[in-house]
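Following this line, the structures themselves.
Next, two complexes with subunit A in common: one pairs it with subunit B, the other with subunit C.
Presenting the complex of A and B:
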């Protein structure tokens, strides 16, 4: 080609392992080793860069979930383990991301049920799991402790640490050897600050996934894109505190005005399209995991990433 | 005309044949020691004739010379007349020795060289043989006693009218006061008999909160009294913006009068404590920010505070003090410092000359912290400046138990990293009432070193300790329990206080970095950081570095200059040469508008971390904190 597709960069995106097979002490059918990138995604490099993973988001209490997804999935949403299984077998997701929305109930305290939910989802699917814990600082410590404990050995990805709330989740990740998602509000400096905080209380760099926070396309996504780009450039230039894989989840895509006001017959399509294009853009910005809620988006994204890899070879273009 | 060349400086002057060498020297601007007023009586004006033709009766003045001096061609400048072109050597001992004095807040000496001086003269009364007019007689006398050349002195009409009576009433023994003003020399006062030991000047720091006055004995080069009081404009608005708006609504007259009154109050207090007459104050030098200076001079400040933020005047101004209501001698002059921009005013120019950064090749960084902060980076060749709002946190505002440096304020604090028990000292050593800015900086540095807070300033509430608790709204750390305080309640610092402090320190650090990037300077190239402002003197340099208030450089390269505004005003009062440099400094400084600087927000965010998101900029702090963490385990 004649181009240096590494642009003189020397940094590497540090590897993070998600999931563990039997041989590795877990029960998953595969483990993903993400990261390792040395340049921007979808470039024609040798070895070729790996495709982003696509995670399907599910929850254990659909009351707090998008009506569009509830409508599309029907009864599936009432049982988290069936939903997780279908994500693997029917929708073709690479990862299942379980939101423990049941913890959002007022004065929630049934920590035992949380453990049971996680256990049954682990049995229902063989895919590596992302678990999103409580939304309530009061019970953080108990929830993350429980999730971490029942999934010991499975190398979960736990979510979500923020600068104002990271100690409980970090404690669980360290104690049970899981990784965690570090989310900061669309700013390269704030992303780095959180990573330093986590490192300083003992979370290893290879156990952190950066979530730079993703606004929906047309609703601030350009800021997310720019923040992701800067995070990735800094990492490739050698800033180890930013040299982690990224996850992008544009959850607002299903709630935006264009989807809400769409013709009822087209609402589903509109939601999928919006989520799909946001996911494409986030992958181009460098995200290693694209997390979506609409099952149809999963397949569309996976096809797109596969075709990107093929067409990246200039010589094939006539 | 004959040309006289003075050695060793080769200064040349043309004078009529028959002039004395003393006269020629005075015209050439050389200050020769003439104790007797040039009457051949004191023998102090010895010079050496190197070549050329002059007339001097050596025999008549033999008593003043050694043999060696006679062999080298010594003569008295006042008694030697110029006959042809001459070369004259003036020995060091014949020149008036400048008095060197040391000023508080500055570590090098400065010459006493005020712009106003008194000359006591004893004149010969006129006779039929010498009927020259009174004024000529007086000014010639002053010139003979070392004053400026007679015809260069302007005499205002009101002084002129007093001359005939004063001269005769005093039996021709009078003291004239001559001031150097932008137009030249001016005879500002004439008094009977010898009052030459009563000449005073005042240096003023006109702050928006406080006015500070120093009264100097301009003959001896000594401070005789210091006084300070609040700026009475506070009644028209706490901050500058409010006062400018008050002026817009109600006119400028009241604010102008209050500014003058504030200065007068300080001058009266200082004069009284020194036992001097305010009539003997001949000059006032004022350093104030741009808006304060405008208001004092009665110049409309309205256009400074609105886009595009234009001051009316930038250059230094000299005015009659009486015209703006400052009470001193009736002909007292007032010198106001120049400004750079809306936010970089005379107080900052005063900081610059007081730290001397405009005289050095090495690069310095000057930081003046108050409610607003100003930063100047540069050396004698170039300077960049910027200003911004630091928020009141560093002055104790917006912090639950923050306070100004009044009695009972905790100004220093350390925390035992194991027991978390603080040790503090308060102003006047009484029971604590609150915490000053310097105390807050200490506290922040100690809390992070003891791992009570993380780098974003959040308190680790998992620590089980009686001092770490969750208050009504925020987690907090107890600095002093109610029983040990003077206010009967626990003195705490909350997470919200810490957040405000971090925002303040971040904007200051970001401003420093923005200027450094503008100038292409790294922290390694900064030779000295100067701290000015109210809490400058009490600031713990190490702790200021630990929290990332300033870029990390060697601790011995950080200097507190305290109230640089008053130091600069003092310098300009006692040495008129300093004043000449001020306008040049002001013109040299480029002003960077932080709001228009796209990278500023980014720098700010990266500075909202202890000490900074880029830890490589703070290697010393990083090592220190790593050690702290290791120790804590």
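Presenting the complex of A and C:
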């Protein structure tokens, strides 16, 4: 003790609200108010910093998904709403992140089905949702319009805006009052630039979550860590254009050589370990949301975060 | 207008008549008024005043508060009429619901609609109306229609409806009022405009709404008053009818859309270049050898030049290509012909000083062509076109098309219109070249004259922070970026094109140390941009607080204490230097964004600057550089030295043929009596 755990910083990480309860115009069972930090995570401060949220990633067409997860989850992956429900009730995720992988089919044009998928997932789970739209600029406009529209009032987190492709997602966020993920390629200045572009088009600061892009551990994660750290330092030093919460998703973790080439019976463990350690490090660098694909990683991360908190006694850790 | 039989409407008198009439009508309101399916009441009135109008009393209140605004009056009157009589039958939409507006607003933010247009009145002919609307559709404008124009379109077989981006608001021009209530709602939904914040509403309408109004004849006085009232929102009113007086812009049918879009700065992005050969940076490195060449221009064989100049928007037509003289069919394979390339550009943000910077891009763009090749610049250009692409149908004209399209594509913010003239007629090339030479000379004298002391704003470059996290380049007229690729003008343009990009303006502020080029403003900027790592930065000193280095420097300058001088080594030189280190060893020592007194990264051109090492006493400190670099700079450096009466210095600067070790360097410098030896000690 006796240290200034705010290091003379004056900046605050601006709050972002995800999800809306019935009273707030949505149908979620809770709304998360993330951000608000004034120093680095897991320090012994008053009030104590809040634990990062853990999101489980799911999709609506498992053809485009990791075989490890497909194998682990079995038939569950064929219906996005059951999968979402299980993420909440069995795996214990804080958030569900739905990737609309069905849009990756060649010449995809069934925008109506996108709306139906989002609606049914919203009905299946009461957790706040992250929705990842298309991967194809040609249909971006329609996809994000549809997602935004059917989930109006739910305060979604929409992903993922990039410097070369942010207009549709920004339009959806503004029109239907959602937040969005702004991704830049591991570069503090590009992260800031994208935030400025988003602001200029009309997205409020408290509707932006930064994704500095996360490489898998051993596959460039140290660059991501450094970018996250520098984004957070700049924000705490008072740069409001970087003063937003961060999300980290090391999506390559399940594809790396060590996991791919592991013995079949060890593959799950290997995948979980890789996601787990990457997630821990990203949380230490400041990420407010850790997004993972393997269901088993969810609980492990949540336990770890609980144990990091000063106030945690051992009864909190199972 | 003498001799014309058609009645001509005087906008001013019609407007004042109309306003009086509207005033009477709003006073005559006696029913409850409201619109369905909106959370914004009567949106124009609500946006302007924050008051929800629902009866005569509230209507008059808003009308008075807005200084009897004709749009407010017409909104209230139209709402009363709609509430009483119901909506007009299809295809007319009447008042549009909020849910539809949300979708429209989405398309505007999203960029799938570029802007909004309102077209009102009675077209002189159905075909004319159809052509106009087709042009608006092609240019990604969302068009609202009110009045007889709708009937005209249906006679011409043009389909209307949201899916066609042609929205028929109502049978009378007065229904154009819905255009304004849509914009008012878009401003409140998307623009963060709070109801009643009239200032923000007007700013949003003028700067963000990107809307134009096109007026055909046949408007009543009230309608004229309403249309004229939209000028306050910053919408240009373009008249195709018999209106005169007032501030309407009269236009011809085939230019009205372009003019309106130009006034509001709405640009259609060029995405494909219509020429029969590939065009991509991938082709930039290829060369066209003599045996592959169909025809060539310049290169000392024939007179040739290129010139880019800025003109007013009215003086050119965007995309117009003119070839004066023989086309490619009339040229003999394997021969050389004269060529003049004259590019005229226009744009609201374009400035005369950008001309040379843009002109240099001709080089890149011509090389992007699969079968076109370009070297050098100005009146020493050399251009070739390959047999292969001439066989595919490429003509001289297509080089013009390529240039016009690429300029529009790469400088969308800067340029609204580009036209290209290609001259292949020898006499005409020669006479145009004389004029071009005058322009080159004027530019040279302007740039030559440009000093750091002439400007208050320098530019930063943090492009390299990706790998040198705290590096900040400070670029001044006499101190280009250390990579040599970005001059002060480039920095300025880059900032104007991308205001949140890597080149930011730096107000230099007061001098802290004039000799070393240390400024308050620069220090402040560098401190912030280096994330607090660097407190001070002198632009012209290598010893005290030198600028940081990324890793891209063209050369490294470093102090040699043994000879009280400074040596330079360029990237291309692989050998050992008198410092005992090679370029790559040195680069590894000083790069990465750190400040290393005694060492700096510099561009080649900085060596020729009057500010070169000013802090250490200037060019006389220079004791060694590789012969190849010396040769490269020879003409310009020798001239500069002779201008300063130091002609003998050039020979006194050693190179690797004179010395590769510090001992050899000492004895060489002694033998030639290099001035550095007797200068003030560096350390």
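Heads up, the rule we're going with is that the second predicted complex is superposed on the first by the 309 of 318 C-alpha atoms of A that agree within 3 Å, B and C clash if a C-alpha of one lies under 4 Å from a C-alpha of the other, contacts with A are read in each partner's own complex, and residues count from 1 in each chain.
Note that in this section contacts are C-beta pairs under 8 Å (C-beta built on N, C-alpha and C of every residue); 3 or more make two chains touch, one makes a residue touch a chain.
Note that the structure is a prediction, hence the values are computed from the model and not measured.
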item	value
Clash or fit (per the criteria above) of subunit B with subunit C on subunit A	clash
Partner chain(s) touched by A:196 [first = subunit B, second = subunit C, both, neither]	both
A:237 touches, of subunit B and subunit C: first, second, both or neither?	second
Partner chain in contact with A:30 - subunit B first, subunit C second, else both or neither	neither
Partner chain in contact with A:164 - subunit B first, subunit C second, else both or neither	first
Contacts of A:187 with subunit B and subunit C, given as first, second, both or neither	both
Touched partner set for A:90, first subunit B, second subunit C, both or neither	neither
Which of subunit B and subunit C A:145 touches, first, second, both or neither	second
Contacts of A:174 with subunit B and subunit C, given as first, second, both or neither	second
Contacts on subunit A seen with subunit B and repeated with subunit C across the two complexes	167, 187, 189, 192-193, 196-197, 200
Touching residues (chain side subunit C, partner subunit A) in the complex	102-103, 105-112, 189-192, 462, 465-466, 469, 500-502, 531-532
In the complex with subunit A, residue positions of subunit B that touch it	454-456, 458, 460, 462, 602, 605-606, 608-609, 613, 615, 629
Residues of subunit A defined as touching subunit C within the complex	141, 144-145, 148-149, 167-168, 170-172, 174-176, 187-189, 192-193, 196-197, 200-202, 204, 226, 230, 233-234, 237
Subunit A residues within the subunit B interface of the complex	163-164, 167, 187, 189-190, 192-193, 196-197, 200
